[in-house]
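Here the structure is laid out as structure tokens; the discussion comes afterwards.
Chain IDs A, B, C and D follow the sequence of writing; residue 1 opens each chain.
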Amino acid sequence: MTPVIVPPKGGRPRPGIAQLKRTLYFLSRNTLAIIGLAIVLFFVVVALFSLFSPLSNQSLQQYCSVTYGTNGTVGCQPVCTYDASSGPAPAANCYPTYSGNVGFVGPTVDLTHLTGGPLPLGSMQVSSGTNQYYYSIYDGLLKGSAWSLGIAATIVLSGASIGLVLGAIAGYRGGYTDEVIMRFTDIFLSIPGILLVLVIVASFAGYVQGLEGRMLLLVGAFIITWWPFYTRIVRGQVLVTREQKYVEASRASGAGTGRILTKHIIPNSLYPVFVQLSLDVGAIPLLLGGLIFLGFQIYPSPYFPEWGAMSANSVANLQSLIESCQFGACVFPWWQILFPGLTVFLFAISVNFLSDGLRDALDPRLRR
Amino acid sequence: MDNGQSEVLLSVRNVRKYFPIRGGLFSAHIGDVRAVDGVSFDVHQGETVGLVGESGCGKTTVGRLLLRLIEPTSGHTYYRPPPEVEARLETLYDTLDPQFGPEGELPDTAAPLLSELDQIAAQYSLYRMSNKRMRNLRGKLQIVFQDPFSSLSPRMLIRDIVSEPLAIHRMGTRSERYKRVAELLQAVGLNPEHLWRFPHEFSGGQRQRIGIARALALRPDFIVLDEPTSALDVSVQAQILNILKKLQQEQGLAYLFISHHLSVVRAMAHRVVVMYLGKVVERAPTEDLFNRPLHPYTQALLAAIPIPDPELQRERIVLKGDVPSPASPPSGCRFHTRCPAVMPVCSKIDPPLIRYSGEHWVACHLYPPPERTGAEMAGAATPLPSTSPLPSVAS
Amino acid sequence: MRMWVYVVRRILLLFPVIIGVMTITFAILSALPIQTHLIATFGASKIPYTPMVPCSDVGQPGNGQCRNPTYFQLVHQLGLDQPIWVQWAEYMKNSLTLNWGTVNYHSNAASAFSLTTSIPVTTVLGWYLPYTLELAALSLIIILAVALPLGNYSAVYRNRPIDQAARVMSFSGFALPGFLLATLVLFAAVILSGGATPTCNSNSTHYFDWYGSWPPFPQCANQPTWIGTYIQTSPTGFPTIDAILHGDWFLAGESVRRMLLPALVIAYGSVAGILRFVRNSMLEVLNLDFIRTARAKGVPETAVVSRHAGRNSLNVTVTVLGLTFAGFIGGFPIIEDVFYLHGVGLLLAKSIQPTQDFGLIFGTTLLFTIIVVVANILVDILYAYLDPRVRLG
Amino acid sequence: MAAAAPVPAVLPVPPPPPPMAAPASLARSPVAATSADAHRIGNVILDVRNLRTYFFTYDGVVKALDGVSFNIRKGETVGLVGETGCGKSVTAFSITKLIADPPGRIMDGMILYKGSNLLWGIEREAKFKPLKGTNRVKVTRRFRRIRQGQDRMTAVRGGGISMIFQEPTSALNPIFSISDQISEALLLHRGIPIVRGLLDASTHDPATIAARSAAIEEAIAGLVKIARQNDPETLRTAADAFGRAAGLPSLGTQAYYIFRSAWADPEAKVPELRKALRRLHLSGLRENYIRHQSRLLELQNELKLAYMLEMRNGKPETRRRRAISAKRWGSKLRGLGYGVWGVRGYVNKALKEETFWETVALLEGVSIANPVQVARGYPHELSGGMLQRVMIAMALSSEPELLIADEPTTALDVTIQAQILELMRDLKSRIGTAILLITHDLGVIAEVADRVCVMYAGNVVEVAPVKELYRHPLHPYTQGLLNSIPRMDQPDKKLESIPGSVPNLIYPPTGCRFHPRCPFAMPKCKEARPPMTVEGEGHQVACYLYNGPVAKG
């Protein structure tokens, strides 16, 4: 007789739901991880928001910016100027000419961009101040969120998928396939840090023009550098999973390599990849910043709105400022360093907390 | 050696599996782990063959070889050879076996026989089959594993686990498969609503039932049971064993019951093969083996089993030392390092597996084949009193 | 003797890696347009780098385009017209015989270090390598000194305040951009040390010379004689060691002091990874059976952690030291650039922009790679020595 | 334990700590006899009362042990038998407080070891708060208290109560040699006799040296002569005599193994023996080091004694403890110089050799054929059976009162299991150690145990002398268990199985935990847990089918 199949109340549980719940529970016991998760989510939301904000399709608006004279004076170099006494402003972003000492606040334009006091978004003044290129740091960060996260995600995801495939094949096939792939991986792994990116970019930056080209170069260089890490990790995990009896069972009932890889090995080897992946997403803005700081013109314009670039440029600017003027007499444009730096820092550290929590939550050996 | 009680399902002949040991500067091949070294036995339809031995004796490897989960170094396993072919194989091997030299080389006179053997193998041997044919056959040959915890994928629903073989062989629609799965679960005494659970929600015994259900999915006629109960408790073990027996009677299944636990084997098997360090030391119908164990190793194994009866007084044979490594097996008889009845000849000549009486085969110098001359058996002691070391229950 | 086999194998594996890396650099180079090589070699002089020029330019009748003999002559001179595998073989031969070309004295790297004539790249690297090595050693010492005890603590007191604090500390180091941290630290140091007070010449080009860089007093009249014209020192080339050898304890202390700050920045930036690893390996070890055995033996808890768990987790940790090394040495260009520390990283930083000096770029990269590979081998040998399961086969 | 000073009957606070008192010796003190406390009568050495151990997991609270009570008398072997998840091992680990924490915690109960409650202060170690909406419980641990509790246990672990485990291959530290690991245990529990022995044997007084060296010389000559005969027994006796003459028994063992293989020409080995004799006149540095060690060991013993007192009197000895540990820190700091790498290698050579040969002697005791090689070896070089012998040797090195063997043969092969069981039977007859043998194999129990406790789902359901239990098992579970074993001696007996499976201890069945699987289940089985009733001599059972007098305790 054939029994009647009664699906349980509340519909069928999807595979993985229970797993997810478990993971979240263990994650929730780790305060830092929760904080990290919150901040990361916040950044993601901001990025999405920026895509739909008017900023996304228009190019950044230039504001008046401070220039520092060698004799300690501060000038405000307007983009288009007009005499304040003769009527209203001809255009939206035209400002009256102004010059004075530090601390003197002009009648129409205040120097909030010096002190970074909060001002409503879209008001004529610049909350959070501008960078040395007259661009509002706030706008830059907002617009940059999409860029930074986008670039990081593209690099990491494509690197991880390459690593996943190669690692799974190497680990499962073993033998010469394994040898070849792993030797190849070792070669790439032994080039330290971002030097390979640096070399590739340094070599080709001169010949690739335009935003698309530059982005392609950058992302490509990073992917070439990144995949070996994932390959190694995945292989290590696959070597463990491969020995599980359920793999042998499905081979015993005639499953091919492809099925075993996709159905059994890869799903059960994913967790370390998640951990590493979340780590690297945070690392990439830092590395980009490093490249910019070393003076690569990897973006079409020096004020390209990307977090790493912004912080690097501001720091470089700080150096040049300190070198140019007598020490002590300069105005220290802290806002230029603080806001981008803080963004990059927060993003990276929150992602770190998250990935650390994930590791504790996902790793059965550490789970208690 | 089929006594025609039923036709032969699998006939294992001189199967060897050497795992290479690599070492040295360029990881050259410096030796072999002789996991399985020339094992032969038959599995008849609907019968249970028990495979007994200590860990590292290669019994699990034999199981995997029978399903061609690993390729053998040499030898054949014939699947459903017709009786006349079987008979012919018998004679062929009987004529060939004595001609093998120490390194397994053969005189040229054997060439025609070999070629004939080759033709038969090409037709019936599992190891010669094309991938396609093998793939279809996999449904007929299944396996149940020892560890019920690692044998079910933790991320799959029971439904998917049990129906995977069906899915692989593209049998029926999804809903039909699930119907079949529900039947299977009932057959092994589980509830159809377990379909939507994950493995970690089950106890060891239940997992083992699920494993059995998966093995049954494709209506096999032979299942390798690789220590199916050694990870379970006795009460649950009894359940599983009873289920297996029931299924055997219902579906005429043949089992290869691998275990290190002789008492369980006695409860399950019709015929028993005892292995030591990759070689068959004794092979007999269950009753013969347990009432008249011939090989000293078998006797020691029997004596070593603790019997749950404190009032039982019996002579103990406690073997000294450990099982040698199969990477460097002792010369001659592999058991001679631990054998209580060891003779000079044991360390020189490896005793062949000879027919002692009826279906009772043994490989030991204590039981010389009729044609052996006394000179060869120099210093042979009188055979052990081959009465059972088991006492009758003190009453 | 199993140990020896292991070591020799490990060293033999070095060569394929080095050759592979060289092949990668070769691939990049050969992907560059030919003009680049010409400019890099012959400087940006008036030589026309285009294959086809107006016929009039090469003194031929007609107004079409004619082949440019100079161009093809130069291309032939560089052997760029040969089949790719011949070029590869040539490249390999030169690389393996340490013939890495010369510093392009038109490049700004050359001007930055006042290298007037074109000096072999290997020579320059020879001058600058010791500084990098000293810096690396110092930072590695700091990292281990912090990570090992802290990691064990946060494993033992898991998810308790000290653990959280340690993690926040280390991760913040990871998350702070190196250049930002370095610059701010340097800035602060300059302020704390009472601003810039040039010791012997006030019109130094680089502001930070006065603090971070080595040698401490560039172009000073009273510079000791064992510091050469460029920054190389004699006899060993390692500034601190040489200072000690010459009994100049002040300079020795000075050089350590000047390397301390960058080393701290590097360590702070890369302690997170290894700390995390120490912690996790310690957690795993603490769950193992033999720890339970030790407790059952009556071993006091402190001894259980330090002796039984500590040694094991240390062995596990040693295995990743190599990777850590590869990780943090990649940050050297930035740090050395900020502190103007005369190491290979600075060389690299100076030779990439605005005009690239490919000789230096690839030379430094190769050198860094070799450092990492050798470090890995040393680490593996150390591990093999520490773990009886490897040592005794 | 050669010189074990007795502890005064009425414990003064603080009692003068006897210099050589080890916790075991303390446990053996006449206190037990004099006290009027009930559990000390009939020389019960371990009395477990109403032990509860819970595990606080993601899925809920696993009530692994729910009121387990049993006791162990001097020198007897108690078998603890039951299925997986019945709490056998948890019981063992609760006795030594080795439960993994988190997630596990001992909730309450008493474990009286020679009158000291090992669980003293357990209830103050953590607070529990059930989380609403879930079946989880939030556990707030007081880590300092937990740590103190653990420290207290070091007074008992390894000394009075030793353990051996199921997985010999993973139970030994892979990076230390066997001798290192056994020596550690030796020094922890028998350190003072060893150190004293060394110090007493070593002398610089010329007269003594002269006298002794004469004796030694002729002893060596005799040894050489005997070694030629290639007769191990006589060699052994001679070697022991030599050891006594030299004043260090371990030298005897060493001499035996030096000469044993060298019967062809023993003279070649004489220099090696002379090298060994250096232990008899220690250099100043080494002697200082050993004195330092003995000081530390004595302080450690005082500390253990203080812990024992705490657990016995049930009130903290904080002041004494602090004073002692302050002293210990002091001498540790003073001895820091010895820790210097290189120095250590030199100074502890003598002690190392001494413990090494003590180790060899121990390994002989568990009938290992080649103890020297084994002692030099590392765990990965030895087979499972060998390692289990090593574990046993290590556990017995302190001559414990009680040996807890947690599934000692489960991971081993049948023939090796037979060897180990043989060894355990032998040890039982040789040394008077009580054994708590935990196993799921009723056959093993039948061969080794004197008394059996049958456990089911965290309860003890039946206690009986072994023969009694197998002759007439009372509890339905015990009966089912015995019927479900395939019997070698009764092959044609049909296998009966207990229906269902072991219950999930997060939601244990109400009343008698066995009732869902019980063939004789009655309504009242669901309601209340049956009490332990006495059915015949030493036979107790917890089942409503029997209505004997309720057992006390």
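Everything that follows uses one rule, which is that contacts are C-beta pairs under 8 Å (C-beta built on N, C-alpha and C of every residue); 3 or more make two chains touch, one makes a residue touch a chain.
Predicted model only: the values in this text are computed from it and were never measured.
Chemist: Per the contact rule at the top, check every chain pair and give me the one with the most C-beta pairs in contact.
Modeler: A-C
Chemist: So the centre of each chain is just the mean of its C-alpha atoms; given that, what is the distance between subunit C and subunit D in Å?
Modeler: 54
Chemist: In whole angstrom, what separates the CA-based centres of subunit A and subunit C?
Modeler: 25
Chemist: Could you work out how far the Cα centre of subunit B sits from that of subunit D, in whole Å?
Modeler: For subunit B versus subunit D, the centre distance works out to 40 Å.
Chemist: Any chance you could list the residues of subunit C touching two or more other chains?
Modeler: Where subunit C meets two or more other chains at a single residue, that happens at 287.
Chemist: If you look at subunit D, which of its residues touch at least two other chains?
Modeler: As it turns out, subunit D has residues touching two or more other chains at 100.
Chemist: So how do the chains connect up here, line, ring, star, complete, or something else (other)?
Modeler: Contact pattern: complete, every chain touching every other.
Chemist: Which stretch or stretches of subunit D touch subunit B in the complex?
Modeler: Listed in rising order, the residues are 83-84, 383, 385-386, 413-419, 421-422, 440-447, 466-467, 470-471, 480-482, 484-491, 495-499, 501-502.
Chemist: Which residues, counting only subunit B, touch subunit C once they are in their complex?
Modeler: 23-27
Chemist: If we count contacts the way the header does, which residues on subunit D are in touch with subunit C in the complex?
Modeler: Checking each residue of subunit D against subunit C gives 96, 98, 100, 143, 147, 150-151, 154, 156-159, 162-163, 165, 167, 170-177, 184-185, 188-189, 378, 380-381, 391, 394, 398.
Chemist: For a test of understanding, state which residues of subunit C touch subunit B in their complex under the given definition.
Modeler: 5, 8-9, 12
Chemist: What part of subunit C is in contact with subunit A in the complex they form?
Modeler: Residue positions touching the partner: 16-17, 20-21, 24-25, 28-29, 31-33, 36, 159, 164, 167-168, 171-172, 174-180, 183-184, 187, 190, 195-196, 206-207, 272, 276, 280, 283-284, 287, 323, 325-331, 333-334, 337, 348-349, 352-354, 356, 358, 361-362, 365, 368-369, 371-373, 376.
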